[in-house]
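Worksheet: the structure to be examined is printed underneath.
Which chain is which? They are A, B and C, in the order written, and residues in each are numbered from 1.
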Amino acid sequence: MSAGRGDERPAMGTAREQILARIRAAVGTPGADVDAAYAALPREYLRAHHDRDIADLFAERAADYRAVVERVPESGLVYAIARVLTDRAAEVAAAATPDGQPVPDAPFVMPDAPFVVPDAPFVVPDAPFVVPAGLPAEWLAELPASIALASDTPPLSAAELDQMAGVVTGCAVAIAETGTIILDHGPGQGRRALTLVPDFHLVIVRSDQVAADLADAFARLDPGRPHTLISGPSATSDIELIRVEGVHGPRNLHVLLVAPSR
Amino acid sequence: MRIGLFVTCLTDTLFPDTGKAVVTVLERLGHRVEFPAGQACCGQMHFNTGYRREATPMARGFVAAFGGFEAVVTPSASCAAMVREYYPALAAEAADESLARAVAQVAPRTYELSEFLADVLGVTDVGAYFPHRVTYHPSCHSLRMLRVGDAPARLLRAVRGLDLVDLPDAESCCGFGGTFAVKNPDVSAAICADKVAAIRQTGAEVVCAADNSCLMHIGGSLTRQRSGVATMHLAEILARTEDAP
Amino acid sequence: MTPPETAGQHAGPATAGPHPETVGQHPAAGGPHPGMPTYLGMPSFPVAARTAVADSQLRRNLAHATHTIRAKRAGAVGELADWQELRAAAKAIKDHTLANLDTYLIRLEENVTRAGGHVHWAQDAAEANAIVAGLVRAAGADRVVKVKSMATQETGLNEALAADGIGALETDLAELIVQLGHDLPSHILVPAIHRNRAEIREIFRREMPDAPDDLTDEPRMLAAAARSHLRQAFLSAKVGVSGANFAIAETGSLVVVESEGNGRMCVTLPQTLISVVGIEKILPTWRDLEVFLALLPRSSTAERMNPYTSVWTGVTPGDGPSDFHLVLLDNGRTTALADQVGRQALRCIRCSACLNVCPVYERVGGHAYGSPYPGPIGAIISPQLRGVTSEVDASLPYASTLCGACYDVCPVAINIPEALVYLRGKVVDAKRDKHLSPERAVFGVSGRVLRSPRLLAAAQRAGYLGGRLVGRSGRIRRLPPPLSAWTETRDAPAPPRESFRAWWARTRGTGR
């Protein structure tokens, strides 16, 4: 779809200069100071839509997206992590082929929920979990020895990540209103590929990381970092508007919401 | 109140009974109604089809005919919307200062009938009697441009003997859209088909609206189908009484 | 230029079976790309609509889709008591940004560059496509993975890359369906809404070599086939191409809002990322996301928040692409910007809420609009980006009943009916110095009648003599052209014996 201009390009000026010139011709030079005008824009919307216990609200809303959300006391966190990873490892072992090789024409493994996308069963039986640098070591203190862990230093290849049993991370901020988890890929969260390629993501959210709504959440973030906002596992409604989950991205999202210790 | 009736070119030409009904209702409520003969068309058809400058003389004619009335009442939400929402732009485009001034005087006092009765006069019971099952189609102009809200419903509910049934999917357009009905006849008919199906589903004897444009379009389909469902403008229902059914 | 055969449309009367394959290649369009549909030479809207309205499967898909999402959207929006205040803020932020677009684009460029990215400027589609092709070749690649981008649809990037020997794999499930089906998208958000599951299964079985032989048409199995098909491409791609929903001037950050995860794949895994972004997508500050991320998911997919949103700024060493390029696209946006009334269309955040409530779109689908942007927003954007001279662009502003449902749901409060009526004025004005058309003659004459009470009264008296058109039923069953289109499907009212003004004059004794 061309813009339908003539073939001639003006002799002077790069595309940048042309575009900026056209903009200035279109809008004129601004009278007031741009930043002052910006500061005066009307913002009568609410900073937050709920003020009740926002940790509860977050748990409720994240579960609405069919993430598995568990509330655990601080003292129970390491046991919960151990349990979740052990359960996942057992699932992987049950679904895997003995030698970790893809089986031609193998039937898809069908998850229980009828709306979740199945996949081919070639995950390595003892596949490790990826642990990003900076994850608190004490979180893994109760893991049985049978659970293998992999570090991302040096960085795992995409193919290697694809064979992992899952990934464990913390997060930067969570949003109660929308049930969203925000990763800023800092220490304990790993680079973006770590929470994208493996099929299982266990994320630990502390209740003091829960912001009531978007305004508070974004105010806490450092714009210079990359961010991923996660609101449930991936989904598509492209086929007849029927929602199907787990197209790309981890099909299993498990959230441990840690209550503050009293 | 001294009221100027803007009957609209469509109602004047094809549905004069609507105009007579408006006069009946307003006079029954004790107001003086005048019909300035210098009125013609508000210009909506030309303006909406892209013939904007052709609509300017019509706007001038309107403000000339209706300057000086306490209220201008019209049985057409789309015409009232044209005057209130678009006359200022028309005057600005024509760079006509005196038109702009006249519009600023007349437009705020120009009302569609149901909003005039319910919101300006504060009256919902106009003494009407109409013992029939009726369903109401809210025209898009009344619903979204003038935002008359539930004024028509309140007026209809106060009519003695009237059985008002809700129209399913009432807020959907009827598909008339002015010249759209002729420039895009297939889509217009497709939209109308669903509106007519909803109307027939209510079992109503009469479908009522605040705009004769919608009614002409819906009614044309209803009679083509030999459906036995009649169309009546809101004013005509409100004009009916026990003595003059 | 003669129009191509059935480009991107379902031809013929309603049939129960699968639809004829779209051919859509104009012989003179240049380039040996069989099966790549083009928007060139599309028929006018009424012509395209006539076919679409008769397509019973399309009608059913559209009615189901639009009604479903309308109800969901109302629920999601209803949760927020301050929806109108959010809308007002969004409108104000966008208007302010557009009024100062040069300032903000310069800031964006500075910040992207400071963060290690490269900024390119493209005046039109050809320039944008050439820049992208050059960057792909410089990266030593012959294929790219793409995440859905309306801007690249608009510029015809895939076709341009193909002409350069570069393959572009669409990774959005719907875009993949459209691409494999040699088709055109028909909706902004769910581009394959015109396809049902059986058709999708056929397309996959025919075009996906790795699709299982026993692939069923269950939606999750179809999605599984897509997942497998795309996964290897994602994991091995060198170059990703994306658009962006928002570009933050203050920080140089780009934002991609998605559901499936293919966006994350494309913007994270390849070494090189190229993002083509319309200049109107820019927002002033980081903080403005609190407004737009509240409005967009609820307006588009009717969710509190979409599954994945990616935000990145330039290049982050050790995380994601090491080479990032932002291509800023004009392609007619500065023309729209110069138009005081039309400019509001540039506020659009591509949510598609307007499509989902439009009575016209519901009955014809997106192909009838002959543009990458269908529906109400398409009817005001396409004629501004492309001009009003082509048959289809001149017809788009008329592809509306002006019901206003779109304006009510637009999260940035674009007054689409006002813009449509305004653009109709431009279409008419563009034709004024051409030969007098029948329509202009009619509007000229009727204009003189309708502004004169005397001529109107005379016409009324004369018209009633035409009462012989009235049949026994008291209705008119057939009108002569050009009004014959009315009586094809409706009766017309019989003119009364006496107009209102004649009655008033006779009974009240005033006036003529």
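Just so we're on the same page, a contact is a pair of C-beta atoms (placed from the backbone, for glycine too) under 8 Å apart; a residue touches a chain by one contact, two chains touch by 3 or more.
Since the structure is predicted, the reported quantities are computational estimates derived from the model, not experimental observations.
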Which chain has its C-alpha centroid at the greatest distance from the C-alpha centroid of chain A?
-> B
Chain with Cα centroid nearest the overall Cα mean is chain C
Approximately how many whole Å separate the CA-defined centres of chain A and chain C?
-> 29
Chain centre separation in whole Å, for chain C relative to chain B (CA means) = 33
When centres are defined as mean Cα positions, the distance from chain A to chain B in whole Å is 53
Chain A contacts chain C in the complex at 1-5, 14-16, 18-20, 22-27, 30, 34, 37-38, 41-46, 49, 61, 64-65, 105, 108, 114-120, 155, 158-159, 162, 175, 177-180, 185, 191-193, 196-197, 213-215, 218-219, 221, 223-242, 244, 246-249
Residue numbers on chain C that touch chain A, as the complex places them = 39, 61, 64-65, 68-69, 79-82, 85-86, 88-89, 92-93, 96, 98-103, 105-106, 115, 120-127, 154-156, 171-174, 177, 190-193, 196-197, 200, 212, 219-224, 226-228, 230-231, 234-236, 248, 250-251, 253, 259-262, 264-265, 268-269, 279, 284-287, 289-291, 293-294, 297, 301, 303-313, 316, 318-320, 328, 330-332, 334-335, 337-338, 371-372, 385-387, 389
Please name which positions on chain C make contact with chain B in the complex.
-> 45-46, 49-50, 53-54, 59, 359-360, 363-364, 397-405, 407-408, 421, 424-429, 440, 443-444, 446-447, 450-453, 456, 460, 463, 473, 475, 482-483, 485-486, 488-493, 495-496, 498-501, 503-505, 508, 510-512
Name, in rising order, each residue of chain B that touches chain C in their complex.
-> 7, 9, 11-17, 19-20, 35, 37-41, 43, 45-52, 54-55, 57-58, 61, 86, 140, 143-145, 171-173, 175-192, 216-217, 219-221, 223-224
